[in-house]
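Next come two complexes, and both contain chain A; in the first it sits with chain B, in the second with chain C.
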Partner chain A sequence: MTGTITKPAAIATVEKKWIVRGHERCSTARFMGWLAPWIGLLLLGLYATYLCFRYGLGETHLDNRFGFGLWIFLDLAVIALGAGAFFSGFLLYILKWKEIKAVINSAVVLGFLCYSGAVAVLAVDVGQPLRAWFTFWHPNTHSMLTEVTFCITVYLVVLTIEYLPIILKNRKFKSIPSFLVFEWELHKLMPVFAGVGVFLSFFHQGSLGGLFGVMRGRPFAFREGFSIWPTTFFLFVLSAAAVGPSFIILTTKLVEKITGKRLVKQDIYRVLAKTTGVLLTVYVALKSLDTLLWLNSTSIRAGVAPWEFYEFRPFGHATLFTEIVIFGMIPALLLLSRRLRERPGVITLGAVLACLGVVFNRFVMTIQTLALPTLSFDEFMIYLPNWVEYAVFGGVIAYAVIVYSLSYRYLNLFPQEMELQLAPKEVNDVSVR
Partner chain B sequence: MFPFVDGFQWTFGHILFLTVFGMVVATMAVTLFVVIQRVLDHYRKDRVEHVQWQSDFHDLSEMDRRCRHELAGRVPRRECHNAFDCGECREHPKFEKIEPATTALSLEAFGLDFPADRLYHRGHTWVRLEDDGTMTIGLDDLGKRLLGAPDRVELPKPGDEVSVNGAAWYAFRNETPVRVLSPVDGVVVATGGPDQDWYLKVRPTRANPNLAHLLRGPEVSAWLRRELERLQILVGVTGAGAALADGGALMEDLPGAQPETNWDGVYGKMFLAP
Partner chain C sequence: MMANTPNTATAAPVQENRKIRRFGMVINLDNCTGCGSCMMTCAVENNCAPAKEKITDRTGITLMRVFPVNDRQPMPVRQAGFVPMPCMQCEDPPCELVCPQQAVELDPLSGIVDQMPQRCFGCRYCMAACPYHARYFNWYDPEWPKGMEQTLNPAVAPRMRGVVEKCDFCHGRLHLAEDQAAIDGNDDYTYTPACVEACPTQAIVFGDLNDEDSEVSQLAKDPNSFRFLAKLGTEPKVYYYSEHEWRRNLAERDMNGNASRNEGKEA
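And now, the complex of A and B:
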């Protein structure tokens, strides 16, 4: 009887030694309760993955027409949202924006989760994991996906290297001298990895957009551009950089809501919001210009009546309006206004709309592009994912939640946390930029 | 894609790709190699304690890294970027000549005992230079009150070496470890403990030990005032800090008086070991 009482208490005491000094976390039992449903979802995702690997993509609703479905949409969306990692690294280490230090650790973890999740889903989508190395050994040198494959793989290695010092800073790990010294030296050279990350991200974010822009056989997506790069190349880079800071805002606010703690000062939200506001404004302007060019020049010259694409339901004119105005112009204006940025609710709304915007854009580029008929005998196709696709999707989300939760509990994701826990609110809310 | 794989052609595209990809991989490999070299170098030169202090200092908040000259009122606002090593600071000799703006408070201000014959380290230890060339190290009065009566103390043995900002000794209160930083470099010649006024007697490792980083004179009061402000925030408005406003003194055993406080966090902040 005594054993059953002392065991959980002993676990809690040992576990406490892994938590960052001064950080207050919920009890071990409560934390396990939070993880349990996510572990269940992860197991379901793993079962669905097994089915795909065992029986092939026939287990899903993907077919020759819709080879790009929910998973590719998820890949494009999370890679865009995960851009916060490379972009905040760029702001902190290259442009020396000191404020970003408050969220850089969380941004790196988010980036790592987004990219590793995307690679995991891609592995299920492509299948034959034992032959994964073929893509590097026998690549199609005329495909933008080759460049994406190389860049994402190397960038995932960069993100792992960036994640490593954060893990080694764990209270227990840093008591091991060799870990501490290695972490410190790695940390000092982080600007090099941040620079490499920016370089790789620029190209793979762009190539993901370029992938659709070069498809002459899909006039809804086809765009002209500079040299081998269609305009979608640059729009993808810009949109990812624009929403990266917004995704950091949203995730941080979500963690604050769930834990009931303040994690970063209000100024940091304002800096991130302004960054999204400025970049999103430029993006919306260029996206509008690109759309006008496509409507009035590119499509006409290709012999296509572009407005006809919007006759197919559910993709009406509202799609275009939603993407550019509701999820583009409105958040850009909300976050650009200094007066509105003073209101935390507006920042949240702007960040939500901006993130939805990039997700919607990736949906349009993937699903709408493939749904529309392109040949005279072709017809409009509707694709709906089946449970296996949703389960794999859910499994990746669960994986991200579990790893982020563990990181939040045991690592110092928000260096301002303890300070904010103790200081009165008004002390922290001083505008800095 | 690679020259040794079937289908490779010596075209501009292939060569460009190989060059760029090779440069990225080479940059990462060289950087990791440099990291490993530096780690080995620290081990060869026995600088692990030094690295730990650099790392801990980096983790301190901006508020905890204020320059001593800001605290003394010599400069309006300044953050230390030298890990409190004033001997390495190019500005320190210049600032030192400026008269402190703070009123010369008594060292016994705030009801704490900070004798003027000692030099003070920002991790709450003091150093007294003895006539025989040794240096005595102890915990300052605020440090003592923060720890109260420690459950146990782990002291180095005579003959062990301590390095500045490295661990001098460990104290434990309510199972919470406290890494007390050494204010100077030296070889331990004798050990005291919590029941005595001092903890260590050390012989300096150098003929002229560097003591530039230690606080002295009126700046001790200015620093102490800031430390009490920090403590007030850390223990909460209803805590020991409230005593300051009404002119009272801190209690002898703060953890005993206020057990509900997160002392683990407080120790990390006050003893500069986050």
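And now, the complex of A and C:
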């Protein structure tokens, strides 16, 4: 009986020794309480995954018309949002924007979680996951999906390598000399990995757009372009790079809200917001141009009156307006204005709209493309995911929250945290890029 | 190491001394009564497992599918008909381009778009890419009730769960014809897919489009023949024939925005 009383206290004492020196973290019991519902959701996701593996994908609401559904749409969205990792790596290591150092660790962890989560969902989504290696053995070099598979796999390895030194800097691991040496050596190589990561990311974000742009059989998605790359290739790269910084803003603000701490200085948010603003403006301009070309040329040559696509409810003209104006032009203008960027509320709003925009774009490219008829006697079809699909994705979200929570608790995700903790009022708002 | 990779490069030497065919079909829509014999025969010939209770018209496997169509006129002047749709065996197949692991291949000898279920890992990208919805995914394990396995066709391998399949112009029959031709030492062979054989009104004509004298070749060139979604540039080898203009107009989408000409569900 005594043992059961003292045990939690003993665990708490040991557990505290893993927390970064100087970081204030909640009690072990409170942390466990935070994790409990996420573990529950993770278990539900694992059960749904078991159903798919045991009985087949008939357990979902996917069908022959909607071969791609909730999973592929959210995978694309998550990978676009996870672009924050590669793009902040690009800003820090290639363009030498030193301010980014304040969020790079968090961005790497988020990137790792987005990509590993997406790969986990893909493993459930494909019919024969054990054959995934066939792509490496019998690659069809003409397929955009081959490029996506190669790049995502390699980039996940790169992200793991980038994550490793952050883990090895943990207080306990640091006490092992060989770990410290390994971490130091890795750290020296990091700009190389960041460079490789940037290269791979540019390509696979593009290939994900290319997936849809090359589908000649789907006039709604098909786009012409340069050489082998349809315009969606470039638009996906640009949109992912644009919203990556916004996703970092939102996640950092969310962690600040949940923990009640200030983790980065305000000027970091402004730098990130401006980055999104500039890139999103370019994206919206090019996306509008691409849409005009498609409306007036590409679609008509494929034998489809483009406005017909918007006659099928719920995808009306409002879809196009929402995507380009509400989720594109408005956040771009909000974040581009120096005066508006002074207000944290505007930054949050702009970042939310920008992230919703990329999610909505991926939804349109995946779900609307498949819902629209192609043959003259085709019907417009509706697809609603079932609980198995939601649960599997919920499980991945839970996995991400759990790993991020553990990382936040035991690792130094925000290097400015300690500084802000010691001098909460004075250290703030130095420069605005 | 990759000797078993059946790509066009490895197949090329074989081509040199063999006749190159382009098997195709012309389906006479005026003769089709929508009886569904082709669908039924196709399923039996190709070892499609009986549908489970949960399976719907959107998750079932119908390598040949008959769609009901009409001219969108009000009753009682409305005219109706049927469109049987197998895989169009495109000469420039959008599905072959997208498959990441070469599970789809345009056979240079027969012009048939082959699907290798053993190679497929079920990503379903080809299904998204096909404008004719001619590809079907195995959502469940194929199961035959006890005793029914006796009906299986030994010339065709059943497909496993989690892979995509489609019409391949009855490759079991093609292989048998090729084997016989090899035995006879005569490369001049043809064969008949199951749907062609089963059609009670002889609405489907099948043969080598490369053979100028063949019936299929002649019919394909008829002014009343057309192909679906020809503007997409996929070059289908399945042609349709009708002497009625409204049926020929089904080929492309109505550019005036008349959305759909399918009154109800598929047959």
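Just so we're on the same page, the second predicted complex is superposed on the first by the 425 of 433 C-alpha atoms of A that agree within 3 Å, B and C clash if a C-alpha of one lies under 4 Å from a C-alpha of the other, contacts with A are read in each partner's own complex, and residues count from 1 in each chain.
The rule is simple: a contact is a pair of C-beta atoms (placed from the backbone, for glycine too) under 8 Å apart; a residue touches a chain by one contact, two chains touch by 3 or more.
Model, not experiment: these values are computed from the prediction.
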Contacts for A:Ser227 in the overlay, against chain B (first) and chain C (second): which applies, first, second, both or neither? neither
TODO: Using the superposition on chain A described above, determine whether A:His138 touches chain B (first), chain C (second), both, or neither.
DONE: both
Of chain B and chain C, the partner touching more residues of chain A is C
Can A:Arg301 be said to touch chain B (first), chain C (second), both, or neither? second
Which superposed partner A:Arg218 touches (first chain B, second chain C, both, neither) = second
Tell me the contact category for A:Ser376 with respect to chain B and chain C: first, second, both or neither.
second
Which partner does A:Val196 reach: the first (chain B), the second (chain C), both, or neither?
first
After superposition on chain A, the chain A residues reached by both chain B and chain C are 137-139, 146
The residues of chain B that touch chain A in their complex are 1-2, 5-7, 13-14, 17, 21, 24-25, 27-28, 31-32, 34-35, 38-39, 42-43, 48, 51-52, 54-55, 58-59, 61, 63, 233-234, 236, 262, 264-266, 268-269, 273-274
Given the complex, residues on chain A that touch chain C span 55-58, 62-65, 67-68, 125-129, 131-132, 134-135, 137-140, 142-146, 149, 211, 214-219, 300-305, 307-308, 311-312, 369-370, 373-381
Contacts from chain C onto chain A in the complex sit at residues 2, 5, 52, 54-56, 58-60, 67, 69, 83, 94, 97-103, 119-125, 127-133, 135-141, 160-164, 228-234, 249-257, 259-262
The residues of chain A that touch chain B in their complex are 21-24, 136-139, 141, 146-147, 150, 154, 157-158, 161, 169, 174, 177-178, 180-187, 189, 192-193, 196, 199-200, 412, 415-416, 418-419, 422-423
